[in-house]
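Each of the two complexes below includes chain A, the first together with chain B, the second together with chain C.
Moving on, here comes the complex of A and B:
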């Protein structure tokens, strides 16, 4: 169930790296643990984030969780669809449920992330 | 409160039932912290206690004709307010812990929020906060959260009691709080706008301000917004019966003290802080929020909503540590507003303004008494410069039966002779005349 083309964090965020940009979101494990998502607080476009800075907040009826940026960069674009349809994260967290797109300030930072095999192993250990 | 007997025999029975001694009940408190002596006389009869309390109470000045304001006002409270709020169904100090089971309480809070929105012309209000000062502090923190900046500008025409509170709350929070000095009784626009920059989270102003002067902050809102900062306006709800609302001025967060909406002065509390904002900022607002919804069968119901902001869910990242509200005080404000209605509130506000205007004319006709500021527009409060120390004069007037006003030297070092005088709809022409005559004799 873990897409092979993405990179992951132990906090259950994913990043789809494409040259010097990356699309980020939360994983299936994260959306299942949160339950029905009711609101997503998106970052402002042009916001600069370091690796592990809070880049968004995902609220469900029972929790509000910070989403940490898997990589450092500047926010290029946000998934504004989530404003009206936060449930997209529950329905399809790896595609239509993406959160934002970053212009990476240090693409080499991705060597700190887990690949799909490592993330899958990590999930098994939980 | 109902009478609950607690005889030593009953105490013994209860203790033997649970198998403990009285000392065991206090075992968790370290011995050195336990009070050894309460400095209370030995047991007295009910009759003796009443006499003693009456004797102590007679030291208070009661029945003074009140011209004191400074954020807290002696307005008339219709008897129906107390009659309605003291009904058992309503009589709770807080939002209930199992809120949805108390639909009536939630409905009352929802209606209170709606009333605050209509009064301030804002889009959303919370279920209330402790008082005007803490509400202003919460608004400031909210602006910091929304903007991600850390500089706040506040003019010293904002109630000094609120400013003291804001300073003490934020002392260790690494917030850059800059104060501007009022310009002739009005907000110091020039200094505020000079200090406004891309790091400013909010400008805080008050209307009518602490000196009673009326302003229109539309221009300040526009300047603030052009720099990405917010405008926070603290206001006096009764005045909104006739004044331009903070919402119409473009304010982003509106707070204030709700004591003037049917609550007694009560020696400083409990009071009512209110807060309203724009819809886009609701998720950054502190406090409880009641929402109206429909159940699975389509029936209207009320719930506590947007709870993911609150500390029982968001823990240390909550918007505030406020997890309840001033439910009974908020209900009082709602009942007061409902009883007065739109017309009654307008009339009350107009009466305050008219009587204050008359008092200003009468008092400034006294030799040596001058208006402090050139600004002509005030609501129901104004500052007079006396030919003597204002605190001394106010002290002498207490002996003559008047709480004549607030001596401003307590908070403004350059206002030794200045007295802040408030006039509500309760003051009569005769009382104003008597104050003027008393003032003439003590000067």
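Moving on, here comes the complex of A and C:
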């Protein structure tokens, strides 16, 4: 089940938009494909990212996977708990496994993202 | 000469002494040998054998040779290989077949025939486990055997295991994999891999002998097993990351790496004067993406480069003692 209140990318990131900020993370599909996540490289606070810039790296024994920012903005906050507990992404990728919070430079950018119905359709096509 | 019931690890070499594949040869009878090769090298091996077979100067004229592809399921002696490895494996086979194979010596094998199955069971494997078997079964019976092992082995803790898990085990054990610790982009010889014993230079003749005899002495780098911190929160080490000496000079490259509990165990090709147990070594992570490159991280390193270590570790024994 894909949460309904989030926006998605075809690279399997999600964004929870609240006004001019957004929390971002990777989807259940992404965490399952990676397997046991052992390392997360978080962005620096205040880092500016464009849509689709690499904002984080998630690594498991299987692969190192870049996380692309679903939206453009400035990093306000990172989930520093992931440093010692990267497995939070496996356990609860939509809540405690969030990656970072952005101050959006263009809140309308979410129009380019998939809604939950579209993302679910997309998953079925894979 | 290999005797019936015995198996041997060996190499197929080309005429310039490079490894085409590493294999295990099973002597079924004096005139019948089974060869198990790497799946990735199957076509290469077939082509090579066909070539050698067609050149009278290379082939031994005393023998009329018939070559069969045991993957061909239409053959009555077709085979697939299911490995059952670990301390409970002998007990599991005993529960299934009633035969105690616990005393079967390493690199020997036996046949078992039941109403439904006609098997070769061999004390070989690629996990480093003290006890382990490979079971060769006709493809049409493989599912039956698989299900039987899982069913009868359930209480003993038998679980299905894929190639990734197998790879972690062989890395921890220190066993080389073709393309990584043998041949591959560094063209690693058996001598560099610590397997010089498997090349019988005292034999009168074999293809590639002259060329490989030179490689027996003339090498600067060798495969070493290294240990680093690992587990949660530590970036996994990957193939081709740099190995540094204590002053930050690159002395080699990662070939394979596996997470083992809170450690990372790796096989690396390093300059041989550094391959001393307990010597301190460092890892330099190669750039994993464009951001890393922009931050100045290298995409490739070579021996002699001066770098800063990201993670400290040490040289451990070439093979794990389980």
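The rule is simple: the second predicted complex is superposed on the first by the 126 of 126 C-alpha atoms of A that agree within 3 Å, B and C clash if a C-alpha of one lies under 4 Å from a C-alpha of the other, contacts with A are read in each partner's own complex, and residues count from 1 in each chain.
Throughout what follows, a residue touches a chain if its C-beta (ideal position, glycine included) is under 8 Å from a C-beta of that chain, and two chains touch if they have at least 3 such contacts.
Keep in mind it's a predicted model, so treat the numbers as computed, not measured.
J.: In the superposed arrangement, does A:38 touch chain B (first), chain C (second), both or neither?
T.: Touch status of A:38: both partners.
J.: Counting only touches as set out at the top, which of chain B and chain C does A:103 meet: first, second, both, neither?
T.: neither
J.: A:52 contacts which: chain B (first), chain C (second), both, neither?
T.: After superposition on chain A, A:52 lies in contact with neither partner.
J.: For A:84, select first, second, both or neither according to whether it touches chain B, chain C, the two together, or no partner.
T.: The answer is second: A:84 touches chain C but not chain B.
J.: In this superposition, which partner touches a larger number of chain A residues, chain B or chain C?
T.: Comparing chain B with chain C, the partner touching more chain A residues is C.
J.: Return the residues of chain A at which the contacts from chain B and from chain C coincide.
T.: Residues common to the chain A contacts of chain C and of chain B are 38-39, 41, 59-62, 64, 66, listed in rising order.
J.: Under the stated contact criterion, what part of chain B meets chain A in this complex?
T.: Per the touch definition, chain B meets chain A at residues 283, 308-309, 313-314, 317.
J.: Given the complex with chain C, which residues does chain A contribute to the contact?
T.: Touch list, chain A to chain C: 38-39, 41, 54, 57, 59-62, 64, 66, 83-87.
J.: Contact residues on chain C for chain A in the complex?
T.: Answer in residue numbers: 164, 168, 230-236, 238, 258-259, 288-291.
J.: Help me check something: in the complex, which residues belonging to chain A touch chain B?
T.: Residue positions touching the partner: 38-39, 41, 59-64, 66.
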